[in-house]
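Both complexes below contain chain A, partnered by chain B and then by chain C.
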Partner chain A sequence: MFADLGHLSVIFAFVACLYAAVVAPLGAQRNDDRLVQSGRIAALMTFPLVLIGCLGLWHALLTHDFGVQYVASVSSRATPVFFRITALWGSQNGSLLFWCLIMSAFVAAAMVRDWEDAGDKSLLPYVTMTMALVLGFFLFLELFLANAFVRTDFPPQDGRGLNPLLRHPGMIIHPPMLYAGYTGLLVPFAFCIASLITRRSDDLWLRSSRRWTLVGWAFLTAGLLLGGRWAHDVLGWGGYWGWDPSENKPLITWLIATPFLHSAMIQEKRGMFKNWNVFLMMLTFASMFFGTAFIRSGLLTSVHAFAASDIGPFFMGAMVVILTACAALWLTRLDVLRSENKLDSAFSREGIFLIQNVLFLSTAFTVFIGTIFPILSEAISGTKITVGPPFFDQTVGPQLAALVALMGVAPLLAWGKSNGAAVGRQMLGPLTFAAAVMVALLAAGATQPVPLLLFGLCAYTLAQTVMEYVRGARARMHSMNEPAPLALVRLAQRNQRRYGGYLVHLGVVLLAIGVIGKGFYGYDTITTPAVKLNESFTVGDYTFTYRGIRPVPCEFNDCQTIQAMLLVTSAKDGRVLGAVFPHRDHYPVQQHTATIPAISGTFNTEVYVLLAAWEDGGATASFQVYINPLINWIWVGGIVMILGFVVCFWKAPERETVTSPAVAQRAIRAGVPAR
Partner chain B sequence: MLSLGTLLLGLALLIIVALVVALPLFDRKTPAIELPSRREALAQERRAVISAIRELDFDYHTGKISAEDYKRLREARVARGAQILRELAELADEHGATDVEAEIEAQVARLRKVATSDGRAPARAVCPSCSRVVGADDKFCSQCGRRLQPRQSEAVASAE
Partner chain C sequence: MLRFAVHTLRLISLLFVVVCLVGRPIIAQVPAPDEATYRIAKQLNCPTCAGRNLADCPTETCAQWKAEIKAQLDMGKSAQEVLDYFQARFGPTVLQEPPKTGVTAPLWAAPVGAALVFLLAAGAVMLRAARHNPLTDVAAADPAEDPFVSALEEEVRRNG
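After this line comes the complex of A and B, so read on.
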């Protein structure tokens, strides 16, 4: 009964979207605020309505209502309560409903914000319309093409259980994070469309949606990292990234949203790049839809194949129509979006932002081409050719390295025009530091030139970013007579976006160090021939001794686990370091076997062991061993990036605005904002 | 088939949502869009110019820009800022006092009236904690938030 009520509620949400999408712009046309407000409330109501839908499905999952087909396909009587809750997004139809829930939450949040400002008020009808249309589109898919509420006349006794791959903590928060990332970026998109419709030439849409863009970006970043962590722990890839289409899709969106965050600043500060920002926003939106269309249609094989269905072609067709309409709208507004200023000099912050933007987009395009290459090659030559990680490493890697280099130069440049000599002077210190790091690495035996240079690059950018804080704090200490710690805190408070952004840069550098470490110094070995009982083999600095396999109780009650034990000793001095227990979980109902790695080692060197196969009841077994140097830096870098976002986003409490005349005068002379 | 209970619950939900959505339609008609005025656009550009000047000052202070470039760019931006201020002043002249100014005048007039109605200055008090002047009837200090005792305000009232 609750599931059916949920179904009805989702239908009402769909109707509310249609109503809002028609009534809000009608109100604007007739200049009648009552209609606009009614549309706004209808859009707002979609959230509670879709939530009732989700609660209905959750109820069915928790009460084993196998009469609902979806419930039978993603849960069983043996599924623990926790996974019955997360099973809501365990397959296509439910995950689409969950996607709608998160999107409606963003729609509702955008609707309840303060719209009293006259400028914002002029955008409201069209923001409502755009958001309601997009949400309505997804609700349409949910209701008519991928309905999670469909009932069967012959309910099975038991369900199939949750996909074994999805039983991981990372999988529980990774999809909601990614969904929130995508749908968060819908808000700036809606403001962009509203700005175009109302022929506004200013940066109101950017300013009004700035914080939303940040939220969307942060969720996308967190979703990507958690997805990597999940792949690392569950898929047995040995690493964090496999260039799988389902990973590339959010990466492409991230690679477009990130330059947008930067170029939006240029429009706000200099009134330039207006068309470019609209273009980036539309591209962000397009990337999210095309990616979803490709993967969900089953056109591309991915680890997300479990989410494939027949909504793809419809999705694609509808998206072509929507994007053509957006592009047409934009083209008719080109005259409104002329730049207010000219580029004073290419050697300026806006100049380097432009280079950075182009580089980001070319990286996104490279990933895109690599991802859809199977489709392209099939269309051209008739054979599906998949390009693997080497293609991506060789084409994307250098571009990412160039971006890290830009991060070390861009903060040195001023808006308008920069001073070459001053920039050179400020580079000296960090360059010296980088040289010292390279010499130290060389002395420690790192002789490969490419990773050595890349580590040097990271050291330079790291030092330069830290120096930015030092320079800013020093300027404050000098002009405001503040002690160093206070100056540092005030500096970040007064310009949260800049210094929060630099913290994100620091996170990226740490992440890059992890990528370089794993990419150049990591290696893996598969033991051939198979290892006999009590036989040893050595990988890197570690010696492994095979001690046999045994069945152990499975973590979940619908699988059988076979666990191997390996004793680990130091290859150098024979010291016993411990034991590792890689295992394989077999799920008979789903006919799936998960190879779960044993992960150990130190912070700087991870040892990742997989049980590949065994024979004669464990008399021989073969293992795949990965040595992953510095991989943990990736997760640390990710956490620092999210901290950077918090600094950008944190709304500092209202400040005391009265400053003593002496301090104010000093500040005016010094050119540092007193407040 | 839906059960009767589900149908009734669904119907109730539909009615509630429809009522909530229709609520604004019963309000008095007000314009949906106030066209962005020239003043608003100028005020926004003024904010941008101020922000640009601040950034420029900061860049100069952290050694990112040479003295002559700084001078040239700052002059250009200050000139633009001055032009905006002139335009804003002209607009204010054209349309008479702005709403905010009218509001301030009204408040001042009201206070004057209170002050002169009984022929003496209005009762005033100072906050014992931060010394800000507060109204005699105020229950809290508007600056530091301290609770004000009626006695305290009376004690220092009508000093003038």
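After this line comes the complex of A and C, so read on.
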């Protein structure tokens, strides 16, 4: 009953989209503000309407309304309440509805926020139109091709239950985060399109887009990291990243949105790269759309493409239409987007941003080609060739290393032109630090040249980024007589984007250290021969003593768990460190076995134990052990990146004006253009 | 005689199937590979676990593959020979790392080519810029290094 009400509500949302897409631009053409407002309100209303749809489905999930096919396919009477709620995005049809919900939330937010904030409202009718069209497309898919509300005449007694892989806390927020990342990027895209339609040459669209892109970017980052954490905890492969198509897809979008955030600065500061920014924004959106199409249409098999169906052709059709429309729109506006300034010198912030931009794009291209190669090879030669992690590690790795290096140089370069000697002087300290770190690592026995160099690179960039804060804070301490902590806070407050950005850089470096540690020093082994009861084996600094296996109550009530018990002692002094319990969960209904790791060790060295097999009721057992050095730095780095975003995004109190004449004088000497 | 043997074999296999079905423990036990097999399995794709390597995949099809690897190793084949065997039988798609030659050569060439082309294009843009504006003496202070100056710069831009 409530589900049908929800269904009806989603149909209304679809109609509202169509209405908004027609009325808002019509109002702009006729200069009729009432029509524009009407379109705006229609777009705004999509959010509550889709929300009612979701509530309807949630109601069906919570009340075991197995007459609704979707409910029967993702939940059962045994499914706990909590997972009946998250089951909304547990499979294709429901997750598409949930996707629409988040997208409509962004549409509504833009309709409220940008409308109230903007002085110049000329873009907004077209923003409304673009967003309503895209949201309308997804609602169309939901209603006509992947309807989550479809009922069956013969309701089953019980449902199938939620996919066991999705029963992890990470899955509660990972998909919503990714969806928010993706759909959040619709807003800046809409501003870009609106700017092209209205033939604007200024950076009005960028001012809104930059902020919204940052929001989408932050959600994507969080989603990617949570996805990694989930894979690490549940999939039992010891790692955090498997270069799986459904991981690559958001990564590609991330790799395009990130250079956009940087090159948008060039347009704001120097009025350059206008075409480039439009191109990047369109590419960001296209990658989002294309990736969604690929995963959702089931073209690419993946460990966690839970949501595959036959909506592919529609996606592809829409993709062609969107790309053609974008290209046509852009090509007819090339003359409007001419640069206001010329690139003065390659040795400048703009110059290095350009290099950074193309490197990001070639990295994105690399991930893209590796991801679609199976399809390409199948189309060309008839055999589907799998591309495994080694390809990505070897091709993407060096490009990411180059980007880390750029992060250590770019902040030193000035807009316009830079002074080589000054830059060299500023590099000296961090370079010394990097050399010291490398010597220390060598002394500690890290002799492999490649990771040694990479750690050195990270140390350099880390020191350089920290120095940015030190230099800024010092300047404040001298000129304002502020104590160090206050100077640091004020510094960040006065230029949130800049210092928030550097915090993100710091996070990236920490993350890179984790990636290098795990990648070069991580290893795994399987116990050979199988371990007998009460027998011990040693991996790294740890000795494990096998104490048997036993069936234990499963975490959920539709599975059976076999748990192994291992005593952990220090291999050095025999001290007892504790016990670990790796286990296997078997789900008879879904015919699925999950190998759940036991994670122990220290912050810097994680020990990840899997129960690989056992024989004779546990008389012998085999274990897979992963030693993951520095892997925890990845999560810490991720948290720092999100903190950086918060610093960038937090609405600061009013800016204080520069009053010191000395500062003004210095500024004039530095040749700041007074326009 | 032959017929008898065939019958016996059929009976045995039937029995085997029955035992497998009835005597199945609550969680299927899969024999664990030894370290050498495991190393090789790490380099192969699993036919039943999409996106995971053979060693990390717990399915029974994969167990058969691992048994095959072990059998070949026991016959005295080297690791490379085993990998070659699998490649000859299933094509390059079976390898975790696609070969840098043959059908998968373009895959490896593409990223290198893209990075080169992109960087060359950026280089060309900058070279042109450098030719148009020969480097003049740079102002003494560097606005990027002083947050106050960049704040001021932004203010000037905003109000100017």
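Structure notes:
In the analysis below, the second predicted complex is superposed on the first by the 647 of 675 C-alpha atoms of A that agree within 3 Å, B and C clash if a C-alpha of one lies under 4 Å from a C-alpha of the other, contacts with A are read in each partner's own complex, and residues count from 1 in each chain.
In this text, a residue touches a chain if its C-beta (ideal position, glycine included) is under 8 Å from a C-beta of that chain, and two chains touch if they have at least 3 such contacts.
Since this is a predicted model, take the numbers as computed values, not measurements.
Residue contacts after overlaying the shared chain place A:562 against chain C, while chain B stays out of touching range.
In the superposition on chain A, A:12 contacts chain B only, with no contact to chain C.
The larger set of touched chain A residues comes from C, when the choice is between chain B and chain C.
Once chain A of one complex is fitted onto chain A of the other, the partner contacts of A:52 are limited to chain B, with no touch recorded for chain C.
By the touch criterion stated above, A:351 is placed in contact with chain C alone, chain B being left untouched. With both structures placed on the common chain, the touch criterion links A:383 to chain C but leaves chain B unconnected. In the superposition on chain A, contact is made by A:362 with chain C only, not with chain B. In the superposition on chain A, A:622 makes contact with chain C only, while chain B stays out of contact range.
Within the superposed three-chain model, A:475 lies in touch with chain B and with chain C [touch as defined at top]. When the two complexes are overlaid on their common chain A, residue A:419 makes contact with chain B and with chain C alike. When the two complexes are superposed on chain A, the residues of chain A that touch both chain B and chain C are 269, 344, 412-415, 417-419, 422, 426, 471-472, 475, 479, 495, 670-673. On chain A, the positions that touch chain B within their shared complex are 1, 4-5, 8-9, 12, 16, 19, 27-28, 30-38, 41-42, 45, 49, 52, 118-119, 121-122, 125, 200, 202-204, 268-271, 344, 412-419, 421-423, 425-426, 471-472, 475, 479, 495, 670-673. Against chain C, the residues of chain A that register as touching in their complex are 235-238, 242-245, 269, 301-303, 342-346, 349, 351, 354-355, 357-359, 361-362, 365-366, 369-370, 373, 377, 381, 383-391, 395-396, 399, 411-415, 417-419, 422, 426, 471-472, 475-476, 479, 491, 494-495, 498, 525-530, 551, 560, 562, 584, 586, 593, 595, 612-615, 622, 624, 655, 657-658, 660, 663-664, 666-667, 669-675. Only residues 26-36, 38, 45, 49-53, 55-56, 58, 91-98, 103-104, 107-108, 110-112, 114-115, 118-119, 121-122, 125-127, 129-130, 132-133, 135-136, 138-153, 155-157, 160 of chain C touch chain A when the two sit together in their complex. For chain B in complex with chain A, the touching residues are 2-3, 5-6, 9-10, 13-14, 17, 20-25, 27, 29-37, 40-41, 44, 48, 51-52, 54-66, 69, 73.
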